[in-house]
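What follows is a set of structures for review.
Each of the two complexes below includes chain A, the first together with chain B, the second together with chain C.
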Partner chain A sequence: MSTIVLQLFIAGRTPRTDNAIATLRQLVDEHLSGYPCELVIVDVLTDPQQAEDRQILATPTLIKESPSPQRRIIGDLDDADGLLAALNLPPSPPTS
Partner chain B sequence: MTAPLFIPITKLPTGIPGFDHIANGGLPRGRTTLLSGTAGSAKTVFAAQFLAAGIIQFNEAGVFVTFEESPDAIRRNMAGFGWDIATWEAEGKWAFVDVSPQPDIEEVVRGVYDLGGLLARITYAVQRVGAVRVVLDSLGAIFARLDNNQVIRSELLRIVSVLRRMGVTAILTAERTQEYGEIGRYGIEEFVTDDVVILRNLIEDEKRRRTIEILKFRGTSHQKGGFPFTVIPGEGVVVIPLSAIELKQRSSNLRIGTGNADIDRMCGGGFFRDSIILVSGATGTGKTLMATTFLAAGAAQGDRVLLFAFEESRDQLFRNATGWGFDFEEYEQTGQMRVVCHYPEAASLEDQLIMMKNEIQSFRPQRVAIDSLSALERVSTMKGFREFVIGLTSFIKHQEVVGLYTSTTPTLLGGTSITEAHISTITDSIILMRYVELFGEMRRGMTVLKMRGSAHDKEIREFTIDGNGLHIGKAFRTISGILSGQFTHAAPSEIERLGRLFKDSSEVE
Partner chain C sequence: MGHTSNELLTPPSEADTRLQTVANTSADGMLVVDGDGRVCFANPAAESLLSRRMDDLIGQIFGLPIMFGEVAEINLIQPSGNLLSAEMRMSPLIWKESPGYLIVLRDLTERRRIQEALRDAEGFSRAILNSLSQHIAVVDERGIILLVNDAWRKFAAGNGDPNLFATGVGENYFEVCALAAEGDAPHAAAILQGMQRVLRSEVSLFELEYPYDSPNEERWFQVRVVPLHDARRGMVISHTDITEQRRHARAAAESEALRAQLQARERELRALGIISGGSQVRPPIPHHEASLHASRPTLFYEYIERYGQLLNSAVQERGFGVPDKETEARELAIHLGDLRATARDVVEIHLAALRNRSLGVPPARQQAYLEEGRMLALQIMGYLVAYYRDGVVS
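Then we have the complex of A and B:
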């Protein structure tokens, strides 16, 4: 499987942002540890051109860039449960 | 020194023709105006024109935030108005913030969010091009895309307050489902309530009629009520500011020859310049001849003359003129005459008005004739027609020209038309041409009913038409009831007796 590329667009550091980041880290650590995984965080306040290029409307927005197809999730991600399915990613590999 | 108690609200001229007139100067500067209308009410055109006019007329850059149509569609749709958006983008005068739906991207919502991404992009675009004007078009699409109306409302409020802080003047468009009723869906009027403009696309008597109304400008003035507007290729929205037109036309004592010495005499020396003359008569009484003579007399003395013909074709007009000894073709070649023939049905009355204004402005005539005004009556509603006549008349009066309108009465004998009921008070002079039935023969009679600011012949005179034109004869002495069409003949002895009754006793020897 190719590298999983996730981009999280945030608008400054807010409790909502921290929520999303925490949930995402948990997801990567607990469910995607077996895959090559890349997580980029973009702050639209400091990098608005990125927001423009990717046509970001709401924040936080999580984009699963790869593997295709692209998926977008808007919101602070509630919790990690079901997030894999929402991202259309396979369940965590069997622990070795 | 005392500090001012408040900062007065200033206006930003939009550059949209006619709008600044009804807005008493323009949109409130530095604020966001809600532009609401039903589907197809020209909201997007108005909004895009706000930016385009800013670039063209004031060199003010603009940002277009599109929630609905893609930037490509807007560039394409607005090209017909002569707005080269792609070039302005390249010059850094126009920027899009594309928030239109992306059908190929799957989007799901999990948890709470805000529109921080959008706000950052708008702020960035405004700073990048140094925007003075911002458009957000249109709100409905974003409510359809995201589910949490509460969040969107409060986020839009945040965007509006950021726009205000940046000092830009903005238009926010919103759909409404009915022409009358709540301003917009989704309760948006709750947060953008300072300035509201409504576009309507009404249907009356199966005819479409567009109107624009400034519902409110908080703390500053504007004209009240709905004003007609039209959307025309190459120009965009043109508002017709009827009642906002000031009645301050100059009036002139300069007399203009009618082309007929007898009629000049009846009018007390000719028409006044800056005046409007209405010539009313049944079909075939000689109204077109009157207009033709009037124009030819102007052209013969070197004036520029303009004819709007709504009844006859160009060939017919020219042939008739030749029959009366006027060479219209020659006048046209020397650039003294312009003849514009249109079918009344070819365009809406609002469009006709704009067309006529443009013709008058580009040709700059000294004399204008419209043959006939009543032909235009049938393509519009009564209200629309009245507005048209007022708009046209006040425009003509500002141009230092003399205008002659003909109007056809619906009945052969006597009678007035609806046209006249609407315009008789606006016109300065009224000439009636009527058929007179005299002992089994149809004769023609003419009278000057009104001649503002001048004495005139009060008699009803007989006139004849031959190859040399129109000839005024004697007054009808033995007949009364010509204007009503209910003729009664009186014996000469009775007339003498009646005449004596009205003589002052001192005059009688």
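Then we have the complex of A and C:
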């Protein structure tokens, strides 16, 4: 499987965005630990150009860049299992 | 890419048209997105919230809505970079024969602004409440304390409830008063009754002055209860420390009583002068002439000091009838008699000495000065009467 690249667009740090970040880190560290993963966090307040380039209409938006198909989700990002399903990502393969 | 121009050109079904009609009149923003999160429809309110025309929105990927409750909070990004806080709801639907989602967006900016204004107003009210020296609590109709100010907290802390277990927010003030009424605070029953009368709208204001002594001092408080002019039923209770006002009022009443008694003595003195024909009696100067204070200020202040010392020893030796004090009082009366002092002069000396001695002393001692001073002034007046009548003070 190619590297899983996730991009999270947030607007400033709030308890809600902190929760979303923590959930994504948990997702990467625990649920996707068997795959090469890259998580990029973009704050549209400090990097508005990226938001414009990617035509982001709302935050928080999570983009699965790869593997294809690309997927963009928006809303509650604090449930790791729900995110896995929404991103159409498989859980880690068994280690043994 | 799951989206093609063919899909956009698919004619709307009757259901789609109905939805569009409803959506176009809605004050909430409505987007229909397809299975990839691509915008298929946007109503005018959504155009306004996103600050983009429908033509610009159609075909753009908004994102697939994901939520674990009924509502999610998101920020909408306008082309200017402005962020708009919005509440998002979603519902799956079939749009142009394909599965998609209806996303409803509600602007939270106004609600946030109102919430912030309310928070500011609450903070403002709290700051005002905390700046007051009265102990203030807001109580609901069941007696539950909803809010207290800093003065209330400090008073509770200084009176055996440092953690506000009995008189803090959430406690029942009716029960506090009922309990106190059974103990050593009988006025608490009257306060409880007053609060209930205010709640029943029998009175628009309840006030009561009551004693509440500390282990070290006598204290007086005034409680005021006014109803809450609010959607909630309840009242505002304030306790004000009026010990100082009480003390001053009592001192003023004492002075007035003394002045009346001394005026009576003065009248007696004048009557004596008339009866004895004036030859053997040394009459005091008439009322209209200058007082000792004005005519002999140095002596006046000296007598205040002597009188003050007498007052001191009277208080120190209270109840023992020390003979030396009487000798001193007699001597002072003779001096005053020689200067043809009047009762008014004695009153002035008495009040000035009383003022000097009472400054910064505990209330109990102030009370002792008042009581002993009244006796001393009358005693000196008596000696003065005898001196004017007989020429000697026996």
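Methods note: the second predicted complex is superposed on the first by the 95 of 96 C-alpha atoms of A that agree within 3 Å, B and C clash if a C-alpha of one lies under 4 Å from a C-alpha of the other, contacts with A are read in each partner's own complex, and residues count from 1 in each chain.
Heads up, the rule we're going with is that contacts are C-beta pairs under 8 Å (C-beta built on N, C-alpha and C of every residue); 3 or more make two chains touch, one makes a residue touch a chain.
Remember, predicted model here, so these are calculated numbers, not experimental data.
Under the clash rule set out above, the superposition-derived model of chain A with chain B and chain C contains a clash between the two partners.
By the touch criterion defined above, A:55 lies against chain B and chain C together after alignment on the C-alpha atoms of chain A. In the superposed model, A:83 lies in contact with both chain B and chain C. Using the contact criterion defined above for the overlaid structures, shared-chain residue A:19 touches chain B, although it does not reach chain C. In the superposed model, A:36 lies in contact with neither chain B nor chain C.
In the superposed model, A:75 lies in contact with both chain B and chain C.
Across the options 183-191, 201-209, 273-281 or 399-407, chain B meets chain C in a clash only at 183-191, per the superposition defined above.
Taken together, the two complexes place residues 11, 16, 44-45, 48, 51, 55-61, 69, 71-78, 83, 86 of chain A in contact with chain B and also with chain C.
Interface residues of chain B, counted against chain A in their complex, comprise 97-99, 102, 105-121, 123-125, 142, 145-146. Residues of chain C touching chain A in their complex: 36-37, 50, 60-69, 72-77, 81, 83, 86, 88, 90. Interface residues of chain A, counted against chain B in their complex, comprise 9-12, 16, 19-20, 44-45, 48-49, 51-52, 55-61, 69-78, 83, 86.
Chain A contributes residues 11, 16, 44-45, 48, 51, 55-61, 69, 71-79, 82-83, 86 to its touches with chain C in the complex.
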